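The data blocks that follow each hold one structure.
Shared between the two complexes below is chain A, which pairs with chain B and chain C, respectively.
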Partner chain A sequence: MKGESRRDFLKKAARWSVLALLGGVAFRMAGKPGAGRRSGMVWQIDPAKCIQCGRCETSCVRTPSAVKCVHSYDICGFCNLCGGYHQPGAKDTGTGAENQLCPTDAIRRRFVEEPYFQYDIVEDLCIGCAKCVKGCAAFGNGSLFLQVRHDRCWNCNECSIARVCPSGAISRVPSGRPYRLRGQG
Partner chain B sequence: MDEGLRTVCRRMAMVAGMTLSVAALSIALMLAVTLVHLRREDPLNMPELAALRAAYTLQQGDEALREKIRMLDLMGRRAFFASRQQLNDGAWVLAAILCGALLMFLVAERLQENQPDIRRLSLGGEGWSRWYLGRRGLWLAGSVLLFAALGIHVAYRPPVEIPDPEPAAKGTASTGSSQAQVPQGLVWAGFRGPRGSAMAEVKSAPLEWDGVKGRGILWKTSVPLPGFSSPIVWGNRVFVTGGTAQKRAVFALDATSGALVWTADTAGGAGPGVVIPSTTEDTGLAASTPVTDGKRVYAIFATGELLCVDMDGKPVWNTFLGTPENHYGHSSSLLVDGGLLYVQMDDAVRPRLLALDAATGRTRWEKRRQAISWASPILIEMEAKSMVVLCDSAGVEAYDAQNGTSLWRMDCLGGEVAPSAAFSQGMLVVAGDNAKACGLKLGSEAPVPAWEWTDGLPDAASPLAFRDRVLMATAQGTVILLDLHKGERVWQQELTRVCYASPVLAAGRIYLVDLDGMTRVLEAGDVYRELAVCPLGEMVGATPAFTEGRMYLRGIRHLFCVGE
Partner chain C sequence: MKPNPDRIWIVGVAGVLAAVCSLLGGYWLTRPLDVPVNARVPELDGRPASTALVENVRIGSLFQSGPGRASDLPGEWPGFRGAARDNQGVATAPLADTWEPTGPPILWRVDLGEGHAGPAVWAGRVYLLDYDETRRADILRCLSLDDGRLLWERGYPVHIKRNHGFSRTVPCVGEGVVVTIGPRCHVMALDAVSGDFLWGMDMASEFGAREPDWYTGQCPLIDQGHVVLAPCGPQVFLAGINLRDGRTAWTTPSPGHWKMSHASVAVGAIAGKRMYVYAGINGMAGVSAEAGDCGRLLWKTEAWTPAVIVPSPMILEDGRIFVTAGYGSGSMALDVKRGEGGQFAVSVVKRYGPRDGFASEQQTPVEYGGCLFGILPKDAGPGRNQFACADGMGTILWTSGPGDRFGLGPVLLASNRFLVLSDEGELTMAQASTEGWKPMAKAKVLQGHDSWGPMALAGTRLLLRDSKQMICLELKR
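Coming up: the complex of A and B.
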């Protein structure tokens, strides 16, 4: 507007500032991420119900998925031949690609002492495909399992993985206990 | 600013904005192509790589093949991570370019600000006022809509439900933890039926049939894999297990037609750590009878693989308990009650009793045992306490079903024990063909031995305790009825063949199936009386399952449904 006075300009600036402030407050209250955290509920996977269908990898709105493999050292057997690390039927326990189950090399195998080996998850490489979880469940004691990582999850109002989860393994849990871990009672 | 310079700057800003817009469009297209390519090619799951890996399992040590796998795996991972990096970086670049384009267009507009506005020129005073108010109105309406949307977003919360991980059990059937709405007469949930008692809770049972001629046979279905495990039934589903070195599986059949409904195996052959144990021909890899609680079916194999699937055959959990050291082959059957799955792990190196959470497979408690056996655990209720009773090569022992506390132990057996315990009227009967049969009176304290019997003992078939009688099919091919409380013989009858199948009481009659598949239907009285003798035409080692009006009998090759 041509010839807008200084007073009008200040009024307009004040109005927009208040509007921006209100918008910011509203966003803080309701916007993503973390709305659910403040409301006390977050999404999480129940390892007991998970059937390792692989949809956590492909259905999450985040890329890579906010679902990662978690390792419970409490119940791990530290086996030399690991169902979560080695290909089914592998005779060799080496770390070569021909023996590895993980498609992204996201599990590190470290020698502890004869005959024990420790397996660590490299989270940046893990895509939540659940292949290791399936292998561990089939031939191990289930120390590898999937969890929604809350440092990555946007806590959507309607979790896109929960919508397609065939076993109904994903549900909201209290944010005070955001993980469903194995090996802790 | 000079008008000429302003025009030049404005045009430059416009050109820059347009160029950036084109660049943004190109990058968006490139990202879309990358995304489609990544999804279509799926470099982490290349079929070629899977085929090479499968070939490598058969040609261990083939260095050329190994190098090829490694190369392809590396290429796949590089392609995957490079594409993902491209998508990530591309998104940021796209955002930056769009911002730049927007900025350029804003600059161009700002530089045009002092130019005459055709709308203002043409509208005149009143028109200009309307245009100005309209613009204000538009802003106001937009703001109202924005705040309304935010308000709705804040106010509305989807209903939050935390599902109960283990819905409360309800139901009518009495088979341990049975819960689904299935009539009691249509349930035979585990080895020897309800709680391992071998007493069918049915009003009617088949009396005459002929498996050779097909008379009285409702259906007959070939079982895909061999096994000596017994069939179990839940409603309209019959479950059997079978196993070879290549595959161990649970099969679900339609109880009406005998059609195979689904198959659930132990994840396709031996995986890491799973060793195929050597077993005798009459034990095999699938001698343990599965069990169901109406929500899931549980099966264990001689390899130590323990499988849990839901009633539709979908895997719920499975685990590997370690290959048991067992010279005939592991044959103890599973028992489920109150959300716990009891596994009598007959591993000579580490014999133990495990109670697993039936829903998750997690170990609730574990008790080390003294020795192994080939018998199966049974469940007994005594003075409002539920106890798991199991035999081993030296005796019989009981554990609190809930917490695994050892309640008592009685060393009264010896040698290799395959018959499971039987219980009726407070009397527990255990037997082994290398030692003796014992009648133990149970009470609040340790059991009191009431009698012993050594004249004819069972080898594999478990005793049948009913009312005040106990019946035993001996290793010598005789069948003996004893007084349950005194251990005195009521009658004894020679048979032509021994029985591996345990005798069952159904509809007031005793069903005794010998190894040739000949079933003798006996009157459950104090005089030996055969009501019928029915051939099957196949060898039988499994104990029959009974539901209302029907009997399911597993032969060496087929599963038969007998009924009218």
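Coming up: the complex of A and C.
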């Protein structure tokens, strides 16, 4: 049986190398953060549809999730007792761990003046579990809500959270208006 | 005895290993952490130890008269939840069964300071404890039921910061005296006709009361010549104040480390004993309302402990007590029994969360036909904010459905029909029925938001408000 010549082998190797290179570049381009932004659309959560099921924390391809709690100060009551910060049965409104709802200490409470307190989200600690969002929705006026943070989101072609979102709250929005914020019309 | 070489060897190796482990352990415990750790401990919010604003409030110091005249129209709504404190009105003429698309005729409207205070009506006069942002004062406005024009107003300067509005409570009128409780726990008693100042009291300085978050929502009760207050302070739980002179007639010592809630004092008979029932933060108790032992503590329980309580306890027709609250609390039914020795004992009959039965976040439910009616709280799951009917144990019989949600708005029963107001000012009239939701008419009558203030019905006139305006509707057929 006649073996493959060296010339044929080199030609075939060169062809496969070029194909592999092009495939790699294409794959890289598709998976690169911001690829979708170039196509003009990004993933975002509609706070009005979100039911705080907790899947944003566990279903995102990123760890921790690219979904974070955000705070609309415009509609916050700045209350001493905050449903997004305090456990439902908390007997004290202080900063002790036993009073707090957030599992990762991602909400910081700060005294403004009597009787107002400001609540700030520490995004690096937020895991998108929506516990605070649920508490705020049940207790207050929904000034805490979840949003996909586009500095963290890879903007996959098929968002793994959108696939499992039970309320259909995640959809693509124009990258020119990438957030759906409460309290701003 | 010759030492065993193997034993020496084993002990030596064990000793060396122990020393190495100790060194490694010591190093591990003393080396600086390579990950940041934040201790979640109290007092990290920077709140000063004491921020109490001590203010010398001269209750009743402001007065102004107006051009209004008291109406001759019949009908009264003399305080929180009406004459019988059951939120049921008696219309003096048949009410219309349908409305024009724009709703019942609006007879008059008045602008108010932002808040949720509700009106009381007595002898053709409408009383409302408003907050005047310009003068920074609690002002009791006395208006004509005819046209809403001012007869007089009296109040006092007090510093209040906007916190979901300012005003909260409903005045109480009895025996010719009108009594108010302001957002900062100031009590004011005036001649209900002339507006003359009778007496004033600061429940905080008098009884050590501490106003709840978002200011007090407690509405006064006039009963048997006394104003019944619930300071729920460290020493005094309830107090009876002489209506005429403001002197303290009786007090009930505090049964525990309880605090004032937004609820009001309920009054009714249980097991043949007339009593006051109040649900504070951390506990609830019944106090005698009979002349012989008025103010005596009859029973107490610490089984009902929501962090925020707005609806007042309900003493049901069968003698049970029903309490409910929002913010994840749900509801509880209690049984108060009188033993052979005359001692009262309280037991929890049923307790459930907001998704498991009837509950209310802000308004006290209405009892009708042996059932409870009200608006389900935000955390009630699919039934959230729907009008609902439940049996006396809180089992939901029906709801208004997802197309009819009402937020936190008030409910009133009159002439076999419910009047239900939504947050956005849409008024719905529905047949009073235990069998199902039977809406009759619906109209948007208020243009503002947060229409949470309790409504009042006087004759055939309905008074209702949003956060900044009160209107008077004519419901007559």
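One rule holds for everything that comes next: the second predicted complex is superposed on the first by the 154 of 185 C-alpha atoms of A that agree within 3 Å, B and C clash if a C-alpha of one lies under 4 Å from a C-alpha of the other, contacts with A are read in each partner's own complex, and residues count from 1 in each chain.
Here is the rule we use: a contact is a pair of C-beta atoms (placed from the backbone, for glycine too) under 8 Å apart; a residue touches a chain by one contact, two chains touch by 3 or more.
Not measured: the values here are computed from a predicted model.
Asks: Quick check on the superposed pair: does A:G23 touch chain B, chain C, both, or neither? Answer first, second, both or neither.
Replies: Only chain B is touched by A:G23; chain C is not.
Asks: Touch check for A:P103: first (chain B), second (chain C), both, or neither?
Replies: First partner only, chain B.
Asks: If you stack the two complexes on chain A, which partner ends up touching A:S171: first (chain B), second (chain C), both, or neither?
Replies: first
Asks: Let me test your reading of the model: by the given contact rule, A:L181 touches which partner, first (chain B), second (chain C), both or neither?
Replies: It touches nothing on chain B or chain C.
Asks: Which partner reaches more residues of chain A, chain B or chain C?
Replies: Chain A has more residues touched by B than by the other partner.
Asks: Which holds for A:E114: it touches chain B only (first), chain C only (second), both, or neither?
Replies: It touches chain C, and chain B stays clear.
Asks: Check whether A:T95 is in contact with chain B, with chain C, with both or with neither, and answer first, second, both or neither.
Replies: The second partner, chain C, only.
Asks: So, does A:L81 touch the first partner chain B, the second partner chain C, both, or neither?
Replies: After superposition on chain A, A:L81 lies in contact with both partners, chain B and chain C.
Asks: Under the stated touch criterion, which partner chain does A:M41 make contact with: chain B (first), chain C (second), both, or neither?
Replies: The answer is first: A:M41 touches chain B but not chain C.
Asks: Just chain B (first), just chain C (second), both, or neither: which does A:E158 touch?
Replies: first
Asks: Per the definitions at the top, what is the overlap between the chain A residues touching chain B and those touching chain C?
Replies: Overlap of chain B and chain C footprints on chain A: residues 79, 81, 83, 86, 88-92, 96-97, 100, 105, 137-139.
Asks: Under the stated contact criterion, what part of chain B meets chain A in this complex?
Replies: By the definition above, chain B touches chain A via 44-45, 53, 56-57, 60, 65-66, 69-70, 73-74, 76-77, 80-81, 84, 87-88, 132, 143, 146-147, 150, 153-154, 157-158, 160-163, 165, 266-274, 314-320, 357, 359-362.
Asks: Name, in rising order, each residue of chain C that touches chain A in their complex.
Replies: It is residues 38, 40-48, 51, 53, 161, 163-164, 213-214, 282, 305-308, 326-329, 377-379 of chain C that touch chain A.
Asks: Taking the touch rule as given, give the residues of chain A at its contact with chain C in the complex, in rising order.
Replies: Going by the criterion above, the answer is residues 77, 79-81, 83, 86, 88-97, 100, 105, 109-111, 113-117, 137-139.
Asks: Which residues of chain A touch chain B once you look at their complex with the stated criterion?
Replies: Residues of chain A touching chain B: 1, 19, 22-23, 26-27, 29-30, 39, 41, 46-49, 51, 63-64, 79, 81-83, 86-92, 96-98, 100, 103-105, 127, 129, 134-135, 137-142, 157-158, 166-168, 171-174, 182.
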